[in-house]
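Next come two complexes built around chain A: one with chain B, the other with chain C.
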Partner chain A sequence: MIKSDQPTKKLKWRVWINRLSSLDISDPKLALIMVIPTMLIILVFAIIPMLQGFYASFFQIESATLTMQFNGLENYQWLLKQSLFWESLWRSFLWVSTTSVVQLFLGIAVALILHQELKARNLARGLVLFPYLIPAVVISLTWRFILDPTLGIFNRVLMDIGILKEPVALLTNPKTALWFIIIAGIWKYTPFVVMMTLARLQVIPVELEEAAKLDGANAIQVFRYITLPWLMPVIIVTMLLRTIWTFRQYDIVYLFAFGGPLFATTTLPVLVKYLAFDAYQIGPAAATSTIMVIVMIAVSSIYFKFYNKAEERLN
Partner chain B sequence: MQIQTRNLNIFQDPRNLKLKRIAQRIVLYGLMILAVFWAVFPLFWVLISSVTPDIETYSFERTFLPKNPTLDNYISLFKITPFAVWMRNSAVLSTVTTVVVVLLSSMTAYAMSRFRYKSFKIIAQLTLLAYMMPAIILVVPIFFLLFRLNLINSMLGLLLVYIGTRLSVGLWMLRSYFQGIPIELEEQSMVDGATRFQAFWKIILPQAFPGMISTAIFTFSVTWQEFLFASILIFNSRNQTVSGGVATFISEDWIYSWGTLMAAGVMISLPLVLLYAFMQKYLVAGWGGGAVKG
Partner chain C sequence: MKKNISVLLTLFLVFVLAACGSPATETAIEEPAVATEAAMEEPVEETGPRSITFFTTEADPPQLEILGVIIDEYNEMHPDVFIDVVTGTPATRGNRITTLLAAGADAGIFELEAAFTNDWAEAGFLLPLTDVFENIGGVDEYVPGSYFETDEVYGLPYATSVYGLWIRTDLFEEAGLDVPTNYAEVLAAAEALTNPAEGIYGISICGSRNCSVNLFSTMLWQQGGDYYTPQGELIFDSPEALAAVENWVALTKFSPPGFEGYSWGDQITAYVSGSAAMTVYAGRLGVRMPEQAPQLEAVSDIIQLPWNTGDGPYVTYGSWSRMAISAGTQYPETAKDFLQFLLSGDRLARYDATVIGHMVPPTKSVAAMLEGWDSDYANNHSDWLAFFNANAEFTNHPANNMGSVGSWGFEKNDYGPPWGGPIFSSGGILDIMFQSIYVDGVSAEDAHQEALGLMKEVQDEWLADHPDWTAPS
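Showing the complex of A and B:
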């Protein structure tokens, strides 16, 4: 019974394909059919919520009843008076700048090494990209385990060598917690820079480098005058993407220490979550979101200027 | 003068040149090994720890490799915790999201690359805006949207959110792919009597396939890893995803078994690592390409 059922099912599928393919819809109609569902979903789940958030930032919202009362710029005024806001902004800046700059240099260096003619190069390329695939939850588990004061390998090895006399709790210390999140961020996202740089290195015109070598340029000069300008547009796009993604990153930062100890790892996204869902300050949370969007737009426009310049220089 | 100074350079001597090349090789291999070690060691440590019995993990004479490797941690992960349910939830959510996102965004990307309407420019800009938006600023409005629809704490609600937030990314990646397919191919087949649908099905789809695969892998892996929406929109352990579920282990004040947690880490990472290992050739071209051209 089951066996005889299958061919007919397959046939039905075929019939549908044929029916669809013999349909003759005019171009404008077809375009509408193809575009509208996607646009509706993007509107409902991204654009409208974004506008709602912007709108809500001018209201006082009771979280229990969800009654809204217009209060102008009061949310912003309140927020700008909170030292927690300014500290979070500073921590976001620290987190974004150190993570993306170190990623950039490390990523380009690794890409240049993996671009050389080395044995096992392809295997190494595959392995180096691994951290990019590891979910934030696992990264947080792993580092918590490695840095655990009593059981972690970090403390044990350092104590065995004799560098440490007694175990240190690095993730529960407000002074060090953020730095370990930064290291984890660098670990996870350097592969992205490697990937982008390698892709660009592979399409570099060989004649350019050969010609420069014939003219007597040394390796450093070839890199400085040929390779680097060629990489520049990709470097700028990569940095733009990394800056924005790091700025909005929530999962790794939150899962490492839940914003603590003593708010020491609260960056802006973690602050939004804290305000909205722990402190029930929905208006100020919306105001923080709006400020985040403004910062992102400002940063992107700076990058686009650099990008256009780098492209011009290549041509 | 020039020639003389060059001759003074000891590396111009053929024997020294060879020596220099060998030294260079050694340094390069050393750096390559270092990079691989840095990338792989933490994972390796998780894997090792997941087969180390807790008695050894918690003892002070722990050796680097376990003395009695065991799969007990995996057994207790699946028997004691709801991990299997979370895996199933995540698998369903990620698969359905991936299929819907790739289908819808290929359709739309095709339309946007073939038909020229002025409104498409605005659509492209809205898509980019949605793509760049931090998920965190959407969380509060989406929470209340789902609340009104009575879809809080439901997998259907989470699925809609995943499709909604991944679609702009998928569309942005695929748009550059479809733009790269020459329009003449399709026009030729339509002159030969194919309908537009046949042309799309037989000519365009095979060309766009690598792009669709890389978009699919990207969508799947991002959805599989998603934590923010899962942790905020789902309260019920039965409906939770792997990321949201395992995070509840961490937020408990005490961690009852590092071995079990490490086993969970391996199990969460495994699908993505396998996916990547088999699909590697599509990925580097797709992710790099899509983003750069974007």
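Showing the complex of A and C:
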């Protein structure tokens, strides 16, 4: 029986392989087969943990033993009463909106410059990408060291040239700490916008710009009526990605000032870490994560509406 | 095709929903009970190939190298036993181990999470190690307070760090100051030695990430205060506690600018860079000095924290690092045998000597071995090593302490208030109390009052959710 079973199995495999080979590239079956591995990875590493978090948000969980007691919406009610939650939400909004908008304008400007015929253009393009390649932990530690009031170069230079009389602690001042994180975020992630925009600029048909110039359009009009509409779908997708990534960004924000001073740099992801791992309040931490997901779904749907409009206009 | 896709999607959703409904509650409650019963049965002879997981956060290359050598030595005697070393970080240790223990998995040998130790023991997650404790030498051999014991010994220590006051003897001599012996003297010295024009500050104290709370607690205890009684009654509202807060804040006036953002590492960076005349730290500073500031070695010394203002007991900061074995482990006798091998004799000495002075051993014989260890550090600073060994029994940790200090003096216990997470954590109520004083300029009295109100609120809420709770006896 075993011997006769072997050829049958081999035959079945061959039949499957032949069927797959015969599928057309536009066949939905092939599309489904190709998507399944990715779907499984997303399922295991994103959807299941997310649903587990959603599930946990309805329980009171003892950290030391993980015993769970259903408490309905209590975690959400408790969270919404906490000023720390609303302040963290506001800081997240400030962090995301400021870094994303500045990255957008700066990124497009740099991409337009790098799109010109410049000397050493390739070298310049490589150097522009540099901040994006440095790990967030290195950036955070370097900036912390630069801004250190006692040992850092920032204070030393400003004192040497007479701008400061005594060192200032910028990362321990609640009014300035978040802004320095925002500056570092802009510096690190603008290259991503540059990269995306530059790639799109290279596929805009040259004849469109040439025709516009022949018709008497100046540089601003060419940008306004030719370049920008072509860039718009990519800009929207880039902004969508930057918004999602910035909103859930933990490393650079936390490592700069560890959420302090006085929670002044605590954004929602840092709040989740604080609740779950410092205050041992796993249920409220899970509720915060769930709210983050809801916010992101809402924001993403707005971006997709704009994206569809931009595509329609281009067509 | 559409039908196939529908079937696939249905299966997908069923799978997701099934995963979502993880029976964590039942697992967490039932599994340990079974495991405990198993652990109480007569030992079964364990033979054949066996694998023991060894989870550690002591993951510096020299530590892992020595651990590997010790494991090799054990394997020579027990070739069938495979010790599987798994490394992690202290930040994730608690959650990783809790997840394994609560799921009833074989967590093998692992480091205990101080804040969870009592709960893990009560939940039956831990294998009793009293026999190993006795085999190593029992109460006569171990430093008091180093092991974790309730009805049985559940946690065996391998090291602690002992905090003291590091002082620049050259700066004290230049200023004509004696080595401080009490709070008034240390405050006066900090003021006298602060010279911003020269970039030197009296004392480097960390002000963020809970570092401030942990170090402040030593002042609170030495000045006769504490946070709770052994029964869980809040006593942080005492006049001694407020005075300790005020005294601590007064001392930080002579810290380098930006100390509000200092964490542990920043605090000693200030000292080794020559910016501070004093700092509060454990043995790691002594390890870093020869590497980063050898010129300071000859002009630095460590003394007991001189915070006393009256007759308070001597208590310092430090937390014993302990190992335990999962109650549900597959090979309990083998795990215990390896643990005994690792935590005794010259194996423990070699392990602790990887960060000599910072990893202070828990047993008297190993402590004596390290004082005569053959290394530059031990040869040059045997006095520092003797200091750490002599003071190991006075270590205490605020989050793992409920009423250790009182009118009777200091008697270390190993349980903290179970509602303590939001109070003692980084960014917790006490951390914010200090931050609001340092950063927002709130008066110590107002910040203390605010903190007291929040501490009561947290405790009341927790007790309302756990009406059956009684303090461990």
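FYI, the second predicted complex is superposed on the first by the 272 of 315 C-alpha atoms of A that agree within 3 Å, B and C clash if a C-alpha of one lies under 4 Å from a C-alpha of the other, contacts with A are read in each partner's own complex, and residues count from 1 in each chain.
Assume contacts are C-beta pairs under 8 Å (C-beta built on N, C-alpha and C of every residue); 3 or more make two chains touch, one makes a residue touch a chain.
None of the values given here were measured: they were computed from a predicted structure.
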Both complexes share chain A, so when I overlay them there, do chain B and chain C fit or clash? clash
In the overlaid three-chain picture, which partner chain does A:Phe258 touch, first (chain B) or second (chain C), both, or neither? both
Touching partner for A:Ile302 - first (chain B), second (chain C), both, neither: neither
After superposition on the shared chain, which partner residues are touched by A:Phe277: those of chain B (first), chain C (second), both, or neither? both
Pick one for A:Leu228: touches chain B only (first), chain C only (second), both, or neither. neither
With both complexes superposed on chain A, which partner does A:Glu62 reach: first (chain B), second (chain C), both or neither? second
Examine A:Ala199 and indicate which partner it touches, taking first as chain B and second as chain C; both and neither are also allowed. first
Touch test for A:Leu171: chain B only (first), chain C only (second), both, or neither? second
Specify the partner with more touching residues on chain A, choosing between chain B and chain C. B
Touching A:Leu241, do we find chain B (first), chain C (second), both, or neither? first
Is A:Gly126 in contact with chain B, with chain C, with both, or with neither (first, second, both, neither)? first
Report which listed segment of chain C has C-alpha atoms clashing with chain B; options: 92-100, 362-370 or 416-424. 92-100
Hey, what residues of chain A end up touching chain B and chain C alike? 28, 39, 43, 47-48, 52, 66, 148, 151, 258, 277
The answer for chain C against chain A in the complex is residues 1, 4-5, 8, 12, 15-17, 19-22, 24-25, 28-29, 91, 94-95, 98-99, 101-102, 115-116, 119-120, 123, 125, 196, 199, 201, 207-209, 256-258, 260-261, 263, 266, 269-270, 273, 275, 421-422, 425-428, 432, 435-436, 438-440, 465
Footprint of chain C on chain A - complex, ascending: 28-29, 32, 39, 43, 47-48, 51-52, 54-55, 60, 62-69, 148-151, 166-169, 171-174, 257-263, 266, 274, 277-281
Name, in rising order, each residue of chain A that touches chain B in their complex. 17, 20-25, 27-28, 30-31, 34-35, 37-39, 41-50, 52-53, 56, 66, 109-110, 113-114, 116, 118, 120-121, 124, 126-131, 133-146, 148, 151, 153, 156, 187, 191, 195-196, 198-200, 233-234, 237, 241, 244, 247-248, 250-251, 254-255, 258, 269, 272-273, 276-277, 282, 285-286, 289-290, 292-293, 296, 300
In their complex, what parts of chain B are in touch with chain A? 25, 28-29, 31-32, 35-36, 38-40, 42-43, 45-46, 49, 57-58, 62, 104-105, 107-108, 110-112, 115, 117, 120, 123, 126-127, 129-130, 132-142, 144-145, 160-161, 163-165, 167-168, 171, 195-198, 201, 221, 224-225, 227-228, 232, 242-243, 246-247, 250-251, 258, 261-262, 264-265, 268-269, 272-273, 276-277, 280, 284-285, 287-289, 291-292
